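Below: the structure, in structure tokens.
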Amino acid sequence: MIVAATNQLLELALALLAAPLLLGWVNKCRAWLQNRSAPSIWLPYRNLHKLFHKDAVLADNASLLFRAAPYVVFGSMVVAAAIIPSVGTALPSAYVADAIALVGLFATARVFMSLAAMDIGTAFGTLGARREMMIGFLAEPALLMVIFTASLIASSTSLVAISTAFVTRELAIYPSLAFAAIAFMLVLLAENARIPVDNPATHLELTMIHEAMLLEYSARHLALMEWAAALKLFNYAAIGIALFVPWGIARGDAGYVELLAGAPILALKLLSFGAGLALIETLSAKLRIFRAPEFLATAFLFAVLGMLVHLLLGS
Amino acid sequence: MSWSIWGGYSPIDATLVLIGAWLLLGVAGLFAPRNTRFVAHVIFPLGALVGLAMLVNAVVGITAPVETREMLLGLPDLPFHARQDALACVFLALLGGGSFGISLFAAGYFRDGPGAAPGLLGFQYHVFLASMAAVLLADDAYAFMVAWESMALASYFLVVTQHKVPAIQRAGFLYLLIAHIGALAILLSFGILQGGSWHFTFDAMRSASHPAPWASAAFFLALAGFGAKAGLLPLHVWLPEAHPAAPSPVSALLSGVMLKMAVYGTLRVALDLIGEPLWWWGLVTLGLGLGTALFGVVFAAVQTDMKRLLAYSSIENLGIAFSGAGLTLMFRGFGLDTLAAIALLATLYHCLNHACFKSLLFLATGSVLHATGERNLGKLGGLIHHMPWVAGLALIGTLALAGLPPLNGFVSEWLLLQVFLFTASVPQPFIDMFVPLGAALLALITALSAYVMVKFYGVIFLGRPREPALDKARDPGGLERLGLAWFALACVLLGVLPVVVLRFLEIVSAQLLGATLGDRLDSWWLLSPISAERAAYGPIVFLLGLVAVVVVAALVVRRYYHAGVRRGPAWDCGFGRLDSRMQDTAEGFGQPIRRIFAPFFVITRIVPSPSDTSPVYAVQIDDPFWGWLYRPIDRTVQGLAALVSRLQRGRISTYLLYSFLTLIGLLVLVL
Amino acid sequence: MLSTALTSQLVNLCAAVLLLLAFAMLAQRRTVALVDLFTAQGVALAISTLVVALNTGHGHMYYSAALTFALKVCALPWILRRLIRRLDVQWEAESRLDITATMIIGLLVVIFAFGLAEPISALATTITRATLGIALAIVLLSFLMMITRRKAISQVIGFLAMENGLFFAASSATYGMPMLIEFGIALDVLVAVFVLGVFFFQIREQFDSLDLHNLESLRDK
Amino acid sequence: MELAVILLLPLAGTLVLAIWGARPSAPEVNAAFSLGTLLAATALTVRVISGGPVLAWGGQFFIDSFNVFLVALTALVGFTTALFSRPYMRIERDHGRVTARRMRLYHSMYQMFMATMLVALLTNNMGIMWVALEAATLSTVLLVSLYRTAASLEAAWKYFILCGVGIAQALFGTILLYFAAEKILGAEGMNALLWTELNGGKSELEPQGLSLAFVFLLVGYGTKVGLVPLHNWLPDAHAEGPTPISAVLSGLLLNVALYIVIRCKVLVEGSLNSNLPGQILMAFGLLSVVVAAFFLWRQRDIKRLFAYSSIEHMGIVTFAFGMGGPVANFAALLHMTVHSLTKSAIFFAVGHAVQKSGTQVMDEIRGLVVRNPTIGWGLMLGTIAILGVPPFGVFASEFLILTTAMQQQPWAAPILLGALAVAFAAIIGRVQPMVFGEPGGKRLAHQPALVPVFVHLAAVLVLGLYIPPYLADWYRQAAQLIGATP
């Protein structure tokens, strides 16, 4: 019980704190790979700190919804972090929301972000909202398919149960999971506004998606949004880890030792994930916005193949 | 159970009394047809109370044992039979709850009445309600058909209230025609089911045994009939015409309540009257349902009229409900009764959900329509500043319809997805492979509906007003707000307390399928239809967690970062002042869908030429089914009519020749 | 009291005459001539009825013969002639009437009628059973005539000729219908002709001709 | 006693009105005579229902539950139509479409028509039946041509020739019947043509002759029923005559003719002991329903529209009788009743609508509910009812007929379904814009007589929801008489 509680708190704290760090790490790797002089890995923290201390400027016709959205988005990301097993599977909160609820949670954040973007009534805001929702409805089925493939294997839709099952059962090769992993990677790129679908580092209106929605935000609202974005990346990474490389995640019946052991293992995985992400982003070029459907269709295809392979081979 | 302590009271009698009350109210309205105050202040509020009573009575009745009654009315040898079982009770509760909110709203809405005499309107309205209740109680084919068609007729007259608009007349015509054809199909289905025994009571049909081919014929006739009412492909064309045409409370009633009668009928015929469905019926229904849902949501995404958008979204939701029904039938056919039970519960739950949020949204559009006189999304916007109540309550409906946790839309979606995941355990080869794809389709549909809802809410309530007149828009009066709030509350409650509701719905599956979820519904806060480790969802905890995080975050931010807030103009990229015409339009918001789902549409564009002095760009989107199905039929009929009319060419000797030849022909025949 | 053999010969003779007359009417173009033929038919009909009456001695057959004579030989032809004179259409004639084709069709119809009546008349008790086929043939021929006519009056004459066929069937094949009914029928026919007479005038004043192609305006477009 | 009144009162009316028919009070006199007939008919009905079948006047007249219900129906609709024609003909008079002399003709012929129909219904003698029906034709020919317009003359001429020829065939059929019957029943007297006698000895009647007779009778009387392809006179006669006459033609004459056809069918079926007549009737019925449905599609004239709808419904009834069996016969009788009530009600409403907008062309009639709500709603509800939408009575019978068809003749059910759908689309698509929309037309000089309309519709509504037990028994007896042997 105590262990579970600590596990829960540990994960939350870890997510909240490590998320910006992961972002910083990814940016650093990208800079290295592109032979740029890399910004400090702590830059995201400084940004947040600075933003939190600024005075907020709201557009004249900003409604309550516009001000509430950052909190909702941030909140849902935190809750999401609370139900994804990263260091240990003894998560009490994971029992009240399974993977489908998790997807729903992401959708909630997305919808609120888009609504907030439409609230001001600028061309950019609506444009960003439209594109974000488009990416969303294309990515969501693919993500669900990935999760279904896993949950068909583990015969459960709860992430905790899935990762537990994967950890406990003997090491075997799951072609279905391989397909699912590729699909998941593609979805992750799209959902987190990474190249090739979107580029977090640009404000060109032709290509903007995520940034377009944040244009009107400033100060603490912007900070929360940025932090939420970082959390989202972290969460996706954690999901990927829990589904595909769960080894090292402490079991439900584990003690403090495993838990503490889990943390560095997680850190290791995250570092390699960040590096990989940076590599992909560097190697690939930004797609035209209307190539994005094809990109995600590919993801969906992989996910479905994964499921069919599982149903066919039973593995 | 609780009902027994009521002594003489029995739910079915109460229901009959309430139906009578509705009829009386309607007739009372006829005595003062032009007296708006009387109708608005007396008739409709009373009708709302009757609805509330109906809701309570139905909830009590679910747990009561099944009862039957016979009435004096009806055909000789076939008096009207009434029967109230759990299934009927669930839909009666839906009807009661829905009519309560809608009648409250209508009481305010019709205050400055539209063209038709409000008394007449009230009459049709309450007859409509009563006939729907009668549909649910009917326990013989004749009573059912009478109630069913009266429902169609009353709603038809409500649809054509503003009959001076030609488009509305067309809509009404289409509606009545398809409704009638559907009714005939249902009639034939009953004709099969009564199986030569001239007893049209449902009991006789239950007891009769049906050979497979006849049973299939009966089922598909019924599916066609009920599908026509539910807007199932390809019989959906009337729906987006008729629902927007009606006054908003009526649209709410049509979409929120009446469409569910189709689901009820399908379940009644397939699970109760036929009893032993074949698994492939389920598969067909599932396919139809998913296809309809996808079609509906894709078309909803490209609408520019807010009520049409909602109408198409109704098509989508009914499609989802029918896919649930299809799963129920399939599992039933395979004998997997527990799974069938879960699918059935999901279907019923979705019906309840849709009744809540769709009524809410239609009523909201009604308020907007009243306040602005505008239905075109291209002329709305920014109403959240002028109509905070409507905007706030509509937001709940929007999120619920978008299927977001922890609101109610998500619960039925969650249940359905769980069921889909189980089809892997179906014995039939291939099915177990294809059907999980249905889950992906369902996910796509839900995500798309989120897209639609963002468009709906964003364009109407957010952004800048697209017309100067919108600044005069104001929130509606108390009764309307009450009606809206009722549905919003229902959305939240159904969202956070699913288990409590499911415990009632479970009785239906117990009666129809003989299967229950048993102890899986023990914990009142945690929904785990199969087992806790298999899948669990505790919306209330979920909600509390979310709220807690948000509140904490807000407090922390307030506490430590109390920097001020300045208001300023939105960033205009240095172009000079923005105006409302620069924001994205409804068409623009639909553009990605148009692009991605191009094959679904028949698109006609008006593109200006470079030398155009006053360039116009317009794009019109039509339903391909007109070209595929309806126009060919129309052409065929026209052709045949032209052919037949040659018989009547006015020449008397030709006529004599006809009878001469008839005579000869018959003589040859008997020779 | 005629001998049975003679009766049957006489009746069959009348039948043959009637059939012949029916053909003649079918082929006749001029309206006035049609009236003459119709009168002749009436005479033959009356004679045959009388013969049957003499043979059987049924009282009501005498009345029937008298009735036939009064109606079909005197009244109707007189009315028709009067009408023709008053409307002055003495010289009216059917154009567009393909005699040969009509004749051939007529022949086929006759054969068909005989074939049809043969098994039935075989069962009859009356001596004059064979006439049933001829009566049927006359009815059908008059029907054919009505179809082919374009003039109001000739169509009416066709109608009356059909009535003759029926009378013949009634009188010869079944020794006459009950008296009351025969009177009723006769009355109806008479009234009908009066009504038609009125009609002729109205049609004439409306369309100033009795050509039926005027009466083809009511139709489905 | 009642019988005498029923038969003689209308004849007396004919004579009286032939003399005083031009008086201003003539319409009331007309209505009074009809009322008398109605009362007598009611009395007779009560007697027959309680006392069973009655033979009167040397067996020449015969009343059983089958025809007595038609007698009652005829008297009722005759009376309400007389009520309706009071204001209607007055307005026609004001519009100068009829002169005083024509009014006299109209009233006297109206009574004549009633008389002939009642005789045809009540008589037991196939010969008298024929005479009466021919007389009915003659009287209605005069009524159809009442306006003396080119169109009405043409309509009347066609009506006369076609029905005359048809009737002639029927006479030949009757002769054959007599020919076949006299061997058994003897040539003496007239009982060789008494339906009861024939029915009694139908098993000995020899089938060949009888089937031949049936063909002629069917073609003959079928012409008057308006069965396709013998129907051509019907739309013209309905459209061009005065509306009250259209109402009684549709509502009553077709019923009477069909009644006779059914009597004949009973005889022949009995002697053939095969279902051939039934099948022939089914074929005619189905053909009529389908063809009429498609005819409806292209109509422009409102009265023609509903004339074709009458053909369609006669087709339905014929089909039901053809199927036979207690349920189908019951349904067919019920359908005859509700059809004549509804259709006459519709014609009443149509009549006033036409007078109001001064045209029978449907495209020029608009927005009736706005200007004259009663006429508009009368037309709308009547249409809804005739299209077989519950809770009106027409649905009750169609319900039984369709379900029976689904059981006994599954092949026919889809055809019926399609035809009904086409008819529905055609009629409602035409009527809706007339009833709704922007109004046109003017107010009427006289108060329109809409009591009959709503009385009829109310009756139909009641029949849809509740058929009184004695009425039901009555139908059942009749259905038995027609022979419950499918």
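As written, the chain order gives the labels A, B, C and D, with residue 1 at the start of each chain.
In this section, a residue touches a chain if its C-beta (ideal position, glycine included) is under 8 Å from a C-beta of that chain, and two chains touch if they have at least 3 such contacts.
All of these numbers come straight from a predicted model, not from anything done at the bench.
J.: Which pair wins on C-beta contacts, A-B or B-D?
T.: Comparing A-B with B-D, the pair joined by more C-beta contacts is A-B.
J.: Looking at C-alpha means, what's the farthest chain from subunit D?
T.: Taking each chain's C-alpha mean as its centre, the farthest from subunit D is A.
J.: If you average the Cα atoms of subunit A and of subunit B to get two centres, how far apart are those centres in Å?
T.: It comes to 36 Å between the two C-alpha centres.
J.: If you average the CA atoms of subunit A and of subunit C, how far apart do the two points sit, in angstrom?
T.: Spacing between the chain centres: roughly 101 Å.
J.: Would you kindly tell me how far, in whole Å, the mean C-alpha position of subunit D lies from that of subunit B?
T.: The separation of the two C-alpha centroids amounts to 44 Å.
J.: So how far apart, in whole Å, are subunit C and subunit D when each is placed at the average of its C-alpha atoms?
T.: Centre-to-centre distance between subunit C and subunit D: 31 Å.
J.: Which residue numbers or ranges of subunit D touch two or more of the other chains?
T.: Within subunit D, the residues that touch at least two other chains are 157-158, 161, 165, 169, 212, 235, 295, 298.
J.: Two or more other chains in contact with one residue: find those residues in subunit B.
T.: Subunit B, residues with two or more chain partners: 645, 647-648, 652, 656, 663, 667.
J.: What is the complete set of touching chain pairs?
T.: Those chain pairs satisfying the definition are A-B, B-C, B-D, C-D.
J.: Considering the complex alone, what residue numbers of subunit B touch subunit A?
T.: That would be residues 381-382, 384-385, 395, 399, 402-405, 410, 414, 417-418, 421, 424, 432-433, 436-437, 439-441, 443-444, 446-448, 450-451, 453-454, 457-459, 462-464, 526, 532-539, 541-542, 545-547, 549-550, 553-554, 557, 560-561, 563-572, 578, 580, 582-584, 588-589, 591-592, 595-596 of subunit B.
J.: Please name which positions on subunit D make contact with subunit C in the complex.
T.: Checking each residue of subunit D against subunit C gives 125, 127-128, 130-131, 134-135, 138, 141-142, 145, 148, 150-151, 153-158, 160-161, 164-165, 168-169, 171-172, 174-176, 178-180, 182-183, 187, 189-190, 192-193, 206, 208-209, 212, 235-236, 239-240, 295, 298-300.
J.: For a test of understanding, state which residues of subunit D touch subunit B in their complex under the given definition.
T.: 157-158, 161-162, 165-166, 169, 211-212, 214-216, 218-219, 223, 228-230, 232-233, 235, 276, 280, 291, 294-295, 297-298, 327, 367, 369, 384, 387, 389-391, 395-396, 399-400, 402-407, 413, 417, 420-422, 424-425, 428-429, 432-433, 436-438, 464-467, 469, 472, 475-476
J.: Can you list the subunit A residues touching subunit B in their complex?
T.: 52-63, 65, 71-72, 74-76, 78-79, 82, 93, 95-98, 100-101, 103-105, 107-108, 110-111, 114-115, 118-123, 125-127, 129-131, 133-134, 136-138, 140-141, 144-145, 148, 151-152, 155-158, 161, 215-216, 219-220, 224, 290, 293, 300, 303-304, 307-308, 311-312
J.: For the complex, give me every residue of subunit C touching subunit D.
T.: 116, 119-120, 123-125, 132, 136, 139, 143, 146, 152, 155, 159, 162-163, 165-166, 169-170, 173-175, 177-178, 180-181, 184-185, 187-188, 191-192, 195-196, 199, 202-203, 206-207, 214-218, 220-221
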